[in-house]
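Here the chain labels run A, B, C, D, E and F in written order, and each chain numbers its own residues starting at 1.
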Amino acid sequence: MSLVPVLGDDAMSMEALAVIDDIRSTRKTDFVNNFWRVLANDPAALKRTWESLREVMGPGTIDPLTKELIYVAVSIANNCEYCIRSHTAAARARGMSEAQLMELQSVVAMASETNRLAIGLQVPVDDVFKGAPPAAAFSDD
Amino acid sequence: MSLVPVLGDDAMSMEALAVIDDIRSTRKTDFVNNFWRVLANDPAALKRTWESLREVMGPGTIDPLTKELIYVAVSIANNCEYCIRSHTAAARARGMSEAQLMELQSVVAMASETNRLAIGLQVPVDDVFKGAPPAAAFSDD
Amino acid sequence: MSLVPVLGDDAMSMEALAVIDDIRSTRKTDFVNNFWRVLANDPAALKRTWESLREVMGPGTIDPLTKELIYVAVSIANNCEYCIRSHTAAARARGMSEAQLMELQSVVAMASETNRLAIGLQVPVDDVFKGAPPAAAFSDD
Amino acid sequence: MSLVPVLGDDAMSMEALAVIDDIRSTRKTDFVNNFWRVLANDPAALKRTWESLREVMGPGTIDPLTKELIYVAVSIANNCEYCIRSHTAAARARGMSEAQLMELQSVVAMASETNRLAIGLQVPVDDVFKGAPPAAAFSDD
Amino acid sequence: MSLVPVLGDDAMSMEALAVIDDIRSTRKTDFVNNFWRVLANDPAALKRTWESLREVMGPGTIDPLTKELIYVAVSIANNCEYCIRSHTAAARARGMSEAQLMELQSVVAMASETNRLAIGLQVPVDDVFKGAPPAAAFSDD
Amino acid sequence: MSLVPVLGDDAMSMEALAVIDDIRSTRKTDFVNNFWRVLANDPAALKRTWESLREVMGPGTIDPLTKELIYVAVSIANNCEYCIRSHTAAARARGMSEAQLMELQSVVAMASETNRLAIGLQVPVDDVFKGAPPAAAFSDD
């Protein structure tokens, strides 16, 4: 049971419903998952979160499947069951194979292991990893 | 200052040095970063960790750059400065552009944000995300 | 199922029951939630934890509702379902509105997002945030 | 040293500079801290993050100082030095006393302690904390 | 429901079954818990993880019960229900008393509390804790 | 630089100094580390935290060195540099060898790895790990 109601379309404000409709048309499906129906209790938060997500997960320099793999990896590190399950489904829908799912788990586990060793032993950062960053990533040119 | 010495080649056991040599030949460079020089204080741990890493980050169903992006993402979630810096360097060496680095940050930040909303509101997992998994991911066939 | 029994009053030691009675009289209710009934398996831990909590959450310079909001925020960041649910109930009992509950979620989510960006990009702390702290916070005067 | 350059005004794109100007006019100060100057390497991320932050931390049902206290609490739980320092400064600017700063630490520490006990002992959620949530938090009425 | 199938012996590859058999003979029991049956979907990951675990948790300089207590402590900090439950069972099997289980919880909770205070107040590390580490921990002599 | 002053004896309140004196006599040394000198800005928090720590880390059913190993393990998982360094020093003072320090790191890293696999794959808890707990851990008998 969520802390606030999972709102059906009929129970939402007009402002929230407009966002839900945008989710439907962007995703080309009538199904809207609980995450958005819970956020709909705060229409401004629903709108802000959806628009940010749509922008971040939309076209860019990293392909959509890779973005979902990263999303799942972070969700595992943050231990969010809802997010692990929903973004694993999204990754499968974008073509992730079962072998890739298992390989993703190994990379996340390996990173977690070496993260703890580096922190636990307080390994000093090598000079070569501390140099000046390259020039500005983006420009108007 | 690390909790145990950062060992130069001369200070290592023969067992540790054999692993360091394998790191050099696998990576085709003489440079060996501090992480391995600290782990060298426990040659068995050094060997086990290196062999696992080599296997996990080696050829598979996810391409090498994507694996590094996932590694950086987990390192950010676990807040490991050493790992963020060393694997960002590795990702750049594998072709990550500065635009991709920035986009990676946005995906990690977005996932962290929605993870907290799903946890904070205790959003119930949709039935569609709970269904039986597909058949076994791997087989002998 | 908890790892150790949820103790009813009859199953507790006298030392534990004395703490439970103090919880009842402090909170002016007979109901004692499972957290304390589980801790009652170690009466000294029960006493120490309750007395610390009573002191920390008692009268001070931050008002009681704000303290509960902070408690919920930390519980979300630590992903503790029990604590999210019990302290959300406590915050509602202290007057938190549903709009405030939703706004709290947005602040926690926003902080989680910018925390990850600052860590992921290794943003250097500005000099203005590093200056000498003010004089001692407390004095005998 | 950050992973990407801390951009001075002269090194930014026009799109980034427009956001920086909005930060200056909203905060009524010429000073812009490193967090935004690093994010300026990705003008779209800078714009999205700033606009979300301005909305979330702007007027609402929770007062501005309380929001900063929550922000600091989450930043401690996520172990973000940059965010702890910058938002402690922001909280002081909004009137947080040194006594409140210390009391905040105690609440965060106490929550962290009881979070671990509830998780470590797997305390079952009491029925009273699982009941149906109240009616929708927001409406058009 | 796990994200991939919990494999019975009949559904596994020969490579996976060989690992499962080693688990059975090492532990001197026919029972194999779900963790390994899920990992069996990736036989190489199953083999690598089991062999690492067998080595790390095998004979060394820290006694087996202490290792299990440490394992449980980390699992609580990482909030892994599966791991808390399975390693608490393992610790009990190695002789952990109920009093020790409760005392472990107090140590973990206390550490979590002081961790947050040290982070929240940004306590500077004392010089005495930063000195040069002792000579190499291991040698060939 | 800490967020509040690191107080010398002369700058403390009488109440804080009484706690500092108890730390000195309990530890049989004049040296008092920064953690306590920072907490001294809130004498009540100093007193409460010290008395809890003294009780938790004092005589019990788990030996003092094991408690320090657990403390270090949790501090690694929580990524607290101050606590990793100060409690590693405390563990060494209680007899931890360099080999044990390295072995501790491997156990923590291994637990972190399997924690992530169990969470990432959503492994269901085996029935045998869910059974009723033993009778009450403590009694008056």
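Keep this in mind: a residue touches a chain if its C-beta (ideal position, glycine included) is under 8 Å from a C-beta of that chain, and two chains touch if they have at least 3 such contacts.
These numbers come from a predicted model, not from an experiment.
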Shared touch partners for chain A + chain F come out as B, C, D, E
Tell me whether chain A and chain E, two copies of the same sequence, contact each other through the same residue numbers or different ones, using over half shared as the line for same. different
Using C-alpha centres only, name the chain that sits farthest from chain F. A
Listed chain pair A-E, A-F or C-D that repeats interface B-D [over half of contact pairs the same by residue number]: A-E
If you average the Cα atoms of chain D and of chain E to get two centres, how far apart are those centres in Å? 34
From the C-alpha centre of chain A to that of chain D, how far is it in Å? 19
CA centre of chain B versus CA centre of chain F: separation in Å? 28
What residues in chain F touch two or more of the other chains? 1-4, 41-42, 48-49, 52, 56, 76-81, 84-85, 98-99, 101-106, 108-110, 112-117, 119-122, 130, 134, 137-138
Arrangement of touching chains [line / ring / star / complete / other]: complete
Using the touch definition from the top, list the residues of chain D that touch chain E in their complex. 72, 76-77, 79, 81, 84-85, 104-105, 108-110, 112-117, 119-122
How about chain D: which of its residues touch chain F in the complex? 79, 84-85, 88, 98-99, 101-103, 105-106, 109
Which residues of chain F touch chain E once you look at their complex with the stated criterion? 1-4, 6, 31, 33-35, 38-39, 49, 52-53, 56-57, 60-62, 66-67, 69-71, 73-78, 80-83, 85-87, 89, 97-104, 106-108, 110-126, 128-130, 134, 137-138
Under the stated contact criterion, what part of chain B meets chain E in this complex? 1-5, 7, 11-16, 41-44, 48, 52, 55-56, 130-140
Contact set on chain B toward chain F in their complex: 3-4, 41-42, 45, 48-49, 78-80
